[in-house]
Amino acid sequence: MTVRRYLLLMSAEFRRQSTYRLALVAGIFTNTVFGFLRISALFAAVRGGGGSIGGYDLAQAASYVWLGQAFMAPVYMFLWQDVAVRVRSGEIVSDLARPIDLQASYWARDLGRAGLQFLTRGVPILALGGLLVGLSLPTSPWSYPLGLLSLLLGISISFVCRFGMNLIAFWTVDARGFLILYGFVMNVLSGFYLPVAIFPDWLQVVAHASPFPAMFQSPIDVVSGRVVDLAALRTVGIQLAWLTGLLVLTRVVFVRGRRRLEVQGG
Amino acid sequence: MNPASTDPASTDPGAPVIELDGLRREFVVRSGRGLRRSRRVVAAVDGITATVRAGESVGYIGANGAGKSTTIKMLTGILVPTSGRVRTCGFEPVPQRTQLARRIGVVFGQRSQLWWDLPLRDSFDILAAIHRIPADRARPRIDQLVEGLELGALLATPVRQLSLGERMRGEVAAALVHRPALLVLDEPTIGLDMISKERLRQFLVAERAEQGTTLLLTTHDMSDIERLCDRVLVVDHGRIAYDGSLEGLGERVAMERVLVVDLAEPRPPLELSSARHERSELDGARQRFAFAPDRTTAAQVLAEIAGQAEIRDLRITEPAIEDIVRTLYTGR
Amino acid sequence: MADPTARVITREAAPELSGWTAFRLLIASRVRAQLTYRANFVINFAGAFVLGLVEFSEIYILLHNTPLLGGLDLLQAALVFALANVGFALADLVVGQVDAIPQHVRMGTLESFLTRPMPLLLQLVTADFQLRRLGRAVFALLVLVVVLVLLRPEPTAATVYLLIATPLWGATIYAGLFVLAGGIQFFIIEGTEFTNAFVYGAGYAGQLPGSVLIAPLRVAFTFVFPATVTAYLPALVILGLPGPGFLPQWLGWCGPLFALTTGLLAALGWRLGVRHYTGAGG
């Protein structure tokens, strides 16, 4: 059973991550402090902008910030260089020799990691946010299953982008610098710092030309009910389109990288 | 600071360099999870008393987990004892860590203290500076170490590109740049091939003869002890199980070597006068003989076997530290 | 000088190097190693520069939506951002490596450090000194210059003093927070993200106008982790603006005081941390 192997990988990663309890508590604490810092800045802008900016009033701004703090760990907005490190050390050769697809196995593990982080880090932060500042919840019941799907797609787009960037290691000695640069650009354009809707127009154009809003801003929009019904379906559709396109692209790059490795003999 | 105090030559022969008095170190071990979590206190070192004097060379042996590393950490200033007293070079290790560090050299076999991305030479220069030795005074010493450890061809090589044996020689040189009065080696030969081991031993013998450095060595290789040490401390379950000469240890425990021979065809157990038949394997095609190296030689045993059967292959094994410690209690 | 033995003793005592020489040599060796891979250094330096740009984009976007953020316009808010960021970037350059304590504990390098005659903190600082972090300070300095050119504040003695001294006191304060975090990390190896709340939290709070912070954060990030002292409060003095609730403008002069208290707190936390480590044995 092919699928079963990937499910096993996923659940193994889920359990592995669950051993870091203190790290989880520390993460929740820090995300909460940052949540309040971000809310401070965004509230000041909403008030200064006459009670609403880019369609965000105070309640929606609060929802945006807390959903963001809850999603940042599952979607993974940090430096990820697992593949690049293995390419550099040469261990990738034995990974490629295994009778299991490298990209699919990393994807399965990433979903396992994200699942645990959503439950142990995302949910508590959402609960804290709801308790401490109150969240505006969507009225349509469809927002919840659609939101979960949108989050799953966001995590997957984030993974495929990270994986694709790691492939740079096939061509340069030290991919770390590029991965860090990628992280900064992704952080801004994904709507992680501030909602894309309040960007200046030119920056919104740049952002929407990239897959980044689809990995972070879209799940927040769908879950918070900022986009509903047809608009929500359209958002999820765009996410699907990005995921498909990126999968094809990274596949091509991956095959070329592997061929390069075979030609050079590692 | 008085310059005389940093000169190891000022250490009188016979003055105590390491003093351990009722040394004890406990660790808290947590096990289980959730509410059923239990907390247990384990003594890794359980009342060790010993003195090492200047110029001595001491092998500190014991099974894994017997308390060797914990003792080393306490006498080098990494770990505070739970109770008891430790003095190294006259200092209380943790509170007087920096003063002590200028008098001792430490090599941890399983971790590097060289700068992995710099040429080997740079590590020596940096360490000299950390020990506040000016270049003109460090130079001759470094040259001497480079020659003694045959590092000349490796000086321009980044440490990460060195083989394990080359790196370990570099580690030893690095620990000796400041002419320490005491050199502590924690498993210095682990993972090294025979030639690298032998080169390192030869150097240490010469270095001690020349500088009078006191040596404390932990190892799993009895040959290290035979070649380098005139005294053995055996530690077991955090206590000293034996303190004395290697010969004395040999009298109390079976320091036997085992000769394993593969015979051309299966035979019943061979009766030898020079060695004891331990057991047969492969229906008697492989037989193991234990012999005491101080009473007979491998050649004699071999000759006796060859007289009775045709030998296809052979191998000699050293006594394992674990076996020595075990027989220390049970006797022969 | 007639006594010949006296001369001999001075001659033998003199050659000992100072600790400073060793420190300089170590830093120089790090820099040399990093500059060996030129292309690599350039991309990493650019990364640090872009990090500054990214952080500034947040101020820019917020003020694109409102004329005033916490009472400050874009140029004034940019002044706060630049002052705070120069200080934070300098602190990060010098002691940001302290963040890596958990890795050093796991790899055992910390034990090797303890067997060398140099203070542990200095060895940590020199073990992974990263010149690339200068990129962030360079960006912040650039913003500061542009802001000053556009804002043209009255060049009084007070303004000149505050413009020069604020980043330095700020760097001291942030460095103190890094070291305090390092001390705490010895206790909670697996929970180091906890310290990010007040180290990077202070870095973020410091570059915002302090008036936007909700009251508990405003107090915490002034009187416990003095982030608003590193830029916002001195900027109020320079701009001649009144302070918001809890934060009187004259606190802008108190950089040295807060630097001192943070430094003392850091020294205490670090000592306790190291004592815990040598007591527990990693």
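Some points to look at:
By written order: A, B and C. Residues from 1 in each chain.
Operating definition for what follows: contacts are C-beta pairs under 8 Å (C-beta built on N, C-alpha and C of every residue); 3 or more make two chains touch, one makes a residue touch a chain.
Molecules present, by chain and UniProt name: A, C = ABC-2 type transport system permease protein.
It should be emphasised that the depicted structure is a prediction, and the values quoted were computed from it without experimental measurement.
A linear topology is adopted by the chain contact network, the touching chains following one after another without closure.
Chain C has the C-alpha centroid lying closest to the overall centroid of all protein C-alpha atoms shown. Taking each chain's centre as the average of its CA atoms, subunit B and subunit C sit 44 Å apart.
Mean C-alpha position of subunit A lies 51 Å from that of subunit B.
Between the CA-based centres of subunit A and subunit C the separation comes to 30 Å, rounded to the whole angstrom.
For subunit A in complex with subunit C, the residues that touch the partner chain are 20, 22-23, 25-27, 29-30, 33-34, 36-37, 39-49, 53-54, 173-174, 176-178, 180-181, 184-185, 187-188, 193-194, 198-200, 203. The touching residues of subunit B, when paired with subunit C in their complex, are 1, 3, 25, 27, 70, 73, 76-80, 94, 97-99, 101-102, 104, 106, 108, 110-111, 113, 115, 117-118, 122, 125-127, 129-134, 136-137. Remark: subunit C residues 37, 40, 43-44, 46-47, 50-51, 53-54, 57-58, 61-70, 188, 190-194, 196-198, 201, 204-205, 208-209, 211-214, 216-217 touch subunit A in the complex. In the complex of the two chains, the subunit C residues touching subunit B come out as 9, 12-13, 15-19, 21-22, 25-26, 29, 33, 107-109, 111-112, 114-119, 278-279, 281.
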